[in-house]
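Following this message is one structure expressed as structure tokens.
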Amino acid sequence: MTLFSVRNVRKTYRVGTVETHALRGVNLEVSRGEFTAIAGPSGSGKSTLLHLMGVLDRPSDGAVVLAGERIDRLPRAAAARLRLARLGFVFQAYNLIPVMTALENAAFVLELQGVPRREREARAREALGLLGMDGLEGRMPNQLSGGQQQRVAVARAIASGPDIVLADEPTANLDSATGQALIDLMRRLNEEQGVTFVFSTHDPRLLSHVRRTVRLEDGRVVDDEHADAGQGDA
Amino acid sequence: MRRPKRLTAMVVCLLLAASGTPSLSQDVPADAEAVLDAVVENLRGGGQRATIEMRVEDGEDVETYRLAIISDGTDRALTRVLEPAREAGQAFLVNGNDLFIYAPRLGRTLRLPPSGRSDSFLGSDLSYNDLAGDDVARDFTASIAARDEATITLSLTPNENAATPYGEVRMNVRLPDLAPLRLTYFDQRNQAVKRIELSSFELHDGSGPVPTRFDVVDLRPDGGRTVARWLDAEFGVTPPDRCFTLEALERGCEW
Amino acid sequence: MVKLAWRSLFRQRRRTALLIAVVAYATLAILFFWGFVDGFLNSIYQGQGRLVAAPVAIHTEAYQADPDLSHALTELAAAREVAAAHPAVSAVSARLDVPVLLRSPYASRGANLRGVEPSTEPAVSDVPGAVKEGRFLAAQGEVVLGIALARDLDVRLGERLAVDANGLDGPAATGLTVVGFVDSGVEQVDETVVLAHIDDARTLSGVTTATSLAVGVPFGREEAVARALNQDLSAGVAAFGIMDQMGDLAQGLAAERLQMLPLGLLFSLFAAVAVTSSLVVSVMERTREFGVMLALGMSHRRLGLMVTTEAVLGSLLGLGVGLVLGYALLVWLAQVNVLGPAIMAAYGDFLSGLALTNDVRADVRLEYAMYAGFTVVLAAVFAVITPARRVARLVPSEAMRAPD
């Protein structure tokens, strides 16, 4: 069942008279329960694609559809509500809120949703537990390692039970072993909890456990490889 | 600015009340107080009508006034300025302790308060307050400081709480007619600060000697000098009371 | 929302401390500025009051309107009794003010001779205490002069001064021996004071009683005691506080204070700019954090509200701290004479023309909190407008890329 549908999306940035084509007609479908990597070198358009899927930005052309509903032209406030209710985000490092503990960070989205304190803390604790962060709930971000910080970010993303978690280069600032461990954790959440993940990476070594890899180059999908099916879908 | 200058009762008596009523005793008293009384009494005699030229020197500035004076010889005097033209018409009335000024330009009569009396009288070394006068006999005790054939020098020292700022006044009196020749005022530091010289004595109808010239010299640094001369005078007259009224001050008094 | 903002403030201690410090400093500075200005003016006022007038003066209403000898206080004994009966009154002393002409061999000056009771005058006036050369009056026949007046007349201690007056019974004169010089440092006093025994003043004026009663009252209670005394004084006789005795001065000082207003506003503006800029900087520093919050689904409106709440809370905290510290400082400066010696040491010569005593106490008024509060609110409004607008323009995908 198709959860996300990206249809012929283009994104052009204009700086003065110079036009930069970040995406040149991308098509992508993501089904519920997928664990999908978007791979490609720097500047290939990975982050732009994830931002468009996350309603953090609008495409210049084309459509983004979430569960049958177009979301690419939503007003700002509606986009915020959508992100809060249905999407989970993991960004590159340093995206925790520095004044909050690990637990508060993990519970932050629930707090914004208005979930009562007791319940949100229980859910945040559970999410942290799933990511092996037991006992570190009271730490501030600056007391955590980079890998631990990203695990808190993942816990924050899944704690509210979103339709999909979009992770933009979550391992970019981690060493490869820690990065691999983070991907393994996300994979396990995908398999055991059924969380849908789409993440971007430029590190090909991380792709061994991924079921589907979409390769972007120069704003175009050049390959869409399913580990079990082995079929491209560009 | 001219500093207000100060004389006391003697000047008042001399300038405004000088007269020549024949009351002079030719016997020179031996006692200082008696000499002083005799001198004052001689000068206090009777009325006069006179024109006086008053020359005021203050450094480079020299101003000459002509004043018409009517006095009853006691404590009443009417003075009118005749010259210079700019000051002409101003008049001063001394009536006992009261001092009035008539300002023709304002057309008004002013009674001088005590503070105003320190202002200089026509810019001279005399002030309005001098014109109002004090009681010499009450304020000073006389003693004989020196005496020779021709003169007797009285030393006048203020009584306790006397209303005078001076430490001593020395008076040179001519013998045997007891004409006052010179008054020297000393401050309380024994410095002479002012001198009045009297001269050109005249005798009228057997009166005592009447000075018709005063030289008032401020002895302090930059002090000025005032010279008063009687140009014409009638001594021994008795002006009517109406000459010492506010009406006379404003319109003059003919008789 | 308040909780969120509070947590943010509490967790970001260094930033919050800085904000509080800036706001508190601004508040303190404003409080100090006005407390000092008013204290300074008060000191001139009180100083002049106790040198030139009396804490409370009792005289006839006619004398208040026209200080002429003919309006003297004839019912002296009765008024004295009323004044002495009030518990706050420490001393009562009769005074007889007579316009006189003072003459030395060198100069003469019009002046107001104040006949006083030598034994009680020091309890109602600061002038006897300001006799720096010679001594205060002890008996009749003596006079104490302001040092500047003495210089004008060129008289020395021990010398006699001729005094002429126009009394009720006609002109009167006497000679008084100079026994002391008043050197208060206050020009108006040193140029005008002439004190003599009240009996000499009676002789000069022809008044057998006094023109007024000077009443000793503790600092700051002048007007209240005057009101109380007025209940018991007989008709036509009234008690006057310093304000009534020195209406011109009070008006002058009010005008003086008005002149300080632009300076005070400028002061407030600087304070407001400091508060605003520290709030703006603290928002700019957090651009990335705000980007993350927006990306996670916080609405711009909610974020703006959070930033505003933080600014308001932080400013209020700073205001509170500033008010506590500021008022503590003012209360201390009102109780301990620290300002006086400091001002005198720094500007004594320059200020000698004012009736400023060595005693300068800060004033403590509730309205200063309003001045400071107004400033902080003004700053907060600026501060909230600027960062809130900034927040409103944030694009999350860009904000997250902002440098730390």
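Think of it as A, B and C in the order they're written, each chain with its own count starting at 1.
We take it that contacts are C-beta pairs under 8 Å (C-beta built on N, C-alpha and C of every residue); 3 or more make two chains touch, one makes a residue touch a chain.
In this text, all values refer to a predicted model and were calculated from it rather than measured experimentally.
In terms of inter-chain touching, the protein chains here are arranged end to end in an open line. Using mean Cα coordinates as chain centres, the one most removed from chain B is A. Work out the mean CA point of chain B and of chain C, and you get 54 Å between them. The distance from the centre of chain A to the centre of chain B, each centre being the mean of the chain's C-alpha atoms, comes to 119 Å.
Chain A and chain C have Cα centroids separated by 68 Å.
The residues of chain A never reach two or more other chains; the list is empty.
Chain B makes touch with chain C in their complex at residues 3-4, 6, 97, 113-118, 127, 129, 132, 134, 158, 160-167, 185, 187-189, 193-194, 220. Residues of chain C touching chain A in their complex: 4, 7-8, 11-12, 288-289, 292-302, 395-397, 400, 404.
Per the touch definition, chain C reaches chain B in the complex via residues 99-101, 103-111, 141, 156, 159-166, 170-171, 173-176. Interface residues of chain A facing chain C in the complex, by the touch rule stated above, are 51, 54, 56-57, 76-77, 80-85, 87, 89, 91, 94-100, 104, 108-109, 111-112, 140, 156.
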